[in-house]
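The following pair of complexes shares a single chain, chain A, combined with chain B in the former and chain C in the latter.
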Partner chain A sequence: MKRGSRRQADYGRDVALIGGLRGWTALAVLLVATVVLPQLLSVTDNMKWVTFLNFTLLTIIAVLGLQIITGMAGQISLGHSAFLMTGGYIMAILATKLGFPFWIAAFLAVLATASVGVLVALPAIRLKGFYVAVVTLAFFTISQHIFQNLSIAGGIWGLSNVPGPSVGPLKIITDTSWYYFLLLLTAICIIASASLARSRIGRSFLAVRDNEVTASGLGINVPGAKLRAFFIGSLFAGIAGVFWTSYVTAVRIDQFSLWDSIWYLGMIIIGGLGSTAGAVLGVLFLQLVRQVLHEITASGVVPLSINFSAALTFAVYGLAIILFIAFRPHGLMAVWQKLKTSYKRWPFGE
Partner chain B sequence: MSTSNIILHSERLELSFGGIKALDSMSVEVEKGQILSLIGPNGAGKTCFINCVTGYYRPREGQIVFDGTDILGMRPHRIARLGISRTFQNPNTYPTMTALDILLAARYMHCRAGMMECLAPFGRSRREELQSRRSIEEVITFTHIEELRKKPISMMSYGQRKQVEIARALVMQPRLVLLDEPMSGLDDVMKEMVCELILDMHRQGMTIVLVEHDIQTVMELSHKVAVLDHGQKVAEGTPAEISRDARVASAYLGRNEADGQQAACP
Partner chain C sequence: MLTVNGIRAIYGGVVLGLSDVSLKLEEGKVVALLGANGSGKSTTLKSISGMLRTEDGKLSEGSIELDGKRIDRLAPERIARLGVCHVLQGISVFPQLSTEENLLMGAYLRQDRKNVDQDMDGVYRYFPNLPALRRRKAGYLSGGEQQMLVIGRALLTRPRFMLLDEPSLGLAPGIIGEIFSILKTICRESNTSLLVAEQNTAAVLEIADYGYVLQNGRTAYEGKSGQLEGDRVKKFYLGLGESGTFISYHDKA
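Presenting the complex of A and B:
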């Protein structure tokens, strides 16, 4: 039993989210880059790219939630954008119709979304695989109908004049201030998601995803784990939905579509199922692809109609998913790991 | 033998699938700290018995008492939390996890951090993670799987998976371990290693129920052997008694009672 003793000194480094000098350096560079980015963009162009970044950050928060439900716990959800819708609408109703202060409204809306997540999970946990997907699809349709026909939710026109947050004396109004606010929020969500992945609850999700029968043999209450996954996942979606609504100052039924759910799924597939960094990479990748395609058609360099460019976006998206599933089924995350390993082992090949 | 020494006790278990009786009036007692082996031909009900004890199957009739608690009809995770852990015969059970992942997951019921605590990179969740890691390293050393720590289970050989499977059962710090054919498909060196492991576990005070086909191993390891055939217990006793029992010979060892000749046997 003596063999391992020297190694047993400290596992803090193994458990840490960021390890070693290289990790901290990379983080510092990333931090400086993300902080300076909007300044650079505002010099060269209008605020278009900052807006793009803000939506990307909101999408990252949403997709982190889906990564927990689908990537970690293995429950395919087609209704993820409906969680954002729920959070957004409840936020808008509380803040504009019922006059709640911003932060209280936001807190309640996020909590309500997470509770709705548990409600959706209740029928879903009795089912497996594609049937769970169908339940979440039904949930999407139901919530769309509810918010469309609820008079307090403004019918098809939705609600506008949703207030923005203020942090102390600072009011978050401009795109750049939103960027820094969302950057902080996203960082917190990423840390939370990464911490979850190396905690008892996160591992119980992985065990349930891999094998429900053996997971229960580990003392894990399988339906309970699924409920927790839906709770935490829709909590993230709620945060994204609340601040999405607050950022665009309005909420409408077509703001969160079924297509968004599909995009989110594609993002975690391309990024790598189950990994926090994979979710972030997947969002960045697909958002960039989408935006670049949009830029190309909008610039008029290639003469394409608007309809054709929209179709092209979907076609590229579909193709990207097919290519990833065929050639890199573990997503961008695995590509990154491979690059890292070959860098470390250089000059000794793979 | 006082009754308090019995850690697991099953009484007249009846389990059937359609018209087939998988377990027929099956009664077994396991003494604390002992190694009980279940032997019998394929389909005799050995794994069925394990599935009943661990809550995967629910017997139609009978009683299973573990350390004073009636566990019949309890759900598997509740039974696991009482201190019963098992290994699976076919250890291809975690396609995406590494050995460390699965061992840490097996610490689930020894950690207490709540759902929201697990979202923080500090506090109880982190403390428990470090503590789990330490106790897992002990098991890793104990089961000789140091090299397998970060290897995905799907990339391991059959024997390595079996080792990890036993380690996983041990990480749960059970009072009773049910080993479902831990040696099937292993070469002699690995078999020897698993035998040593089982003896080590016994020395640490664990109670072990072993399902195994390798008669020689069973006879060497066990304190008590129960022989099953067609869901019934046909004999029970010390290894020496069992090897003399004529009914066992006909049911399992392939010996023909009439002429006393030994047929092809393992």
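Presenting the complex of A and C:
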């Protein structure tokens, strides 16, 4: 924090300074790795893994939004995938039915999703805990019915031919170009989310999550903070939904299911509630688990029926969440922190 | 000036919390609010800060005025914005935030960042334990440190009136004295008025200018702190007669 640097330094800060240099190196390595990753993966016969990475990046953006609503502000949302659905459908309607140019349609769709987020929050902020979850669940069902029955949204067939973005003269069409585009977008979203966590607004979310009464005593407008959390969180979901639709060039009602909402919650639980890095780690972990299980069953090494392998995915997913809550309740983020401190302290301590 | 005029507070529509409490808090004064368990000290503070409604309570009679304007119908955050800061009973740090972030939460409403930095240094001067703990999660601080942090956080709101509910709760005798003398200094240096609800009568009367004794939700007795230290408080509040035998308020002894 900039504010703190003016005050007296201590040993911990000196160490952090050196650690910072290492941190930058690690970041540089990570950057290079992410940039050359699709080149390495394209050595294999198909683009399957790049597609996988693209969906992972989109999921990261969506889950960052849920991390703000649930992890930071403490409002459990079971309707997060409905925000993606809203963003995706509005994008598709604006771009294909009403002929809006891509970026204007995307901008309006994201803004509309965030406004819907505020609408959902209006009844939800009057309630606490479990009841908020029920309201967001109701929102999911309602939005599913609306988009399914709206003639402009294409009914059960949905809409297709959703255009892709173009950045200047570059048209984003191939999987690899989408990868770089989404990588940039995700990086922006991660930075935005991390800065939010360190800002005054972000702190007010944490205060509301930890103790609503004390927060109001310090002048924080508690309902206002919750509304803001829903606005920002669904904004992220809107971005994810818009580009998801644009990436697969179509939108259909089963594209964003209730299961996705549950997966998202699992991702922030496994990653660590309330932390931006935790959201990213959680997504990477569960996406990998899902994909590896899929690979194993698809390769035919283990002879399993399709139904069984689908059930297996959910079982492993459930097991992972149970194990994490039992043994690592603070998620992957805490595991990472622990590794980091023991590395720094070596050879002292455990 | 903060005045409480004959308030009657009811929880959940049926439970009587206060029946008739009146008090005055002038600028730059320390006022003690004494009384036995369940006499209505906390409810009085919650009525002033508006926290009463977070517990499904409300005032059915009387009024609370800040500089002549009624504040008893306002939401807690609106009252906080008028410069009334309530430090709740028990320790209410945000456990997941660091010490410094907790302090910054106190400055949530303020736009004057330069002065916030200055006040932050001020808090660190009042509580010399805190600077070393700046980056530690507040949940890991000791009870005394958390109490200091909570008071420091309240100071960063630059309150005109600070309502403290049992600041001595769960603290070692040595620290209690320290915290009260810091409170007195704060009051003198920044012209903040303190209303301190306390069980530890001796410690609070040491710094108070004036005091009120509550009994069964009424202001039973009031007076300068010197007067309160005498026999009558012992009778009203501690329930002890001169010889140390137990007496009741109803004896009118």
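Note that the second predicted complex is superposed on the first by the 329 of 350 C-alpha atoms of A that agree within 3 Å, B and C clash if a C-alpha of one lies under 4 Å from a C-alpha of the other, contacts with A are read in each partner's own complex, and residues count from 1 in each chain.
Methods note: contacts are C-beta pairs under 8 Å (C-beta built on N, C-alpha and C of every residue); 3 or more make two chains touch, one makes a residue touch a chain.
If you're wondering where the values come from, they're calculated on a predicted model, not measured in any experiment.
Undergrad: Should A:Val301 be classified as contacting the first partner (chain B), the second (chain C), both, or neither?
TA: A:Val301: touches no partner chain.
Undergrad: Between chain B (first) and chain C (second), which, if any, makes contact with A:Ala207: first, second, both or neither?
TA: After superposition on chain A, A:Ala207 lies in contact with both partners, chain B and chain C.
Undergrad: Let me test your reading of the model: by the given contact rule, A:Gly274 touches which partner, first (chain B), second (chain C), both or neither?
TA: both
Undergrad: Just chain B (first), just chain C (second), both, or neither: which does A:Gly219 touch?
TA: A:Gly219 sits against chain B and chain C alike.
Undergrad: Once chain A of both complexes is superposed, is A:Ala194 in touch with chain B (first), chain C (second), both, or neither?
TA: first
Undergrad: Tell me the contact category for A:Ala326 with respect to chain B and chain C: first, second, both or neither.
TA: So A:Ala326 meets neither chain B nor chain C here.
Undergrad: Residues of chain A touched: more by chain B or chain C?
TA: After superposing on chain A, more of chain A is contacted by B.
Undergrad: Considering each complex separately, which residues of chain A are in contact with chain B in the first and with chain C in the second?
TA: 1, 3-4, 7-8, 12, 200, 203-204, 206-207, 209-211, 213-222, 274
Undergrad: Note which residues of chain A are touching chain C in the complex, please.
TA: The contact residues of chain A facing chain C are 1, 3-4, 6-8, 10, 12, 200, 203-204, 206-207, 209-222, 274.
Undergrad: Show me the residue ranges of chain C that touch chain A in the complex, using the header's touch definition.
TA: Against chain A, the touching part of chain C is residues 49, 51, 54, 75-77, 80-81, 85-86, 88, 92, 94-97, 100-101, 104-106, 108-109, 117, 121, 124, 131-132, 134-135, 153, 157.
Undergrad: Using the touch rule from the top, collect the residues of chain A that touch chain B in their complex.
TA: 1, 3-4, 7-8, 11-12, 14-15, 17, 191-196, 198-204, 206-207, 209-211, 213-222, 228, 231-232, 274
Undergrad: Along chain B, where are the residues that touch chain A in the complex?
TA: 54-56, 75-77, 80-81, 85-86, 88, 93-97, 101-102, 104-109, 111, 113, 115, 117-121, 125-126, 128-130, 132-134, 137-138, 140-142, 146, 168, 172
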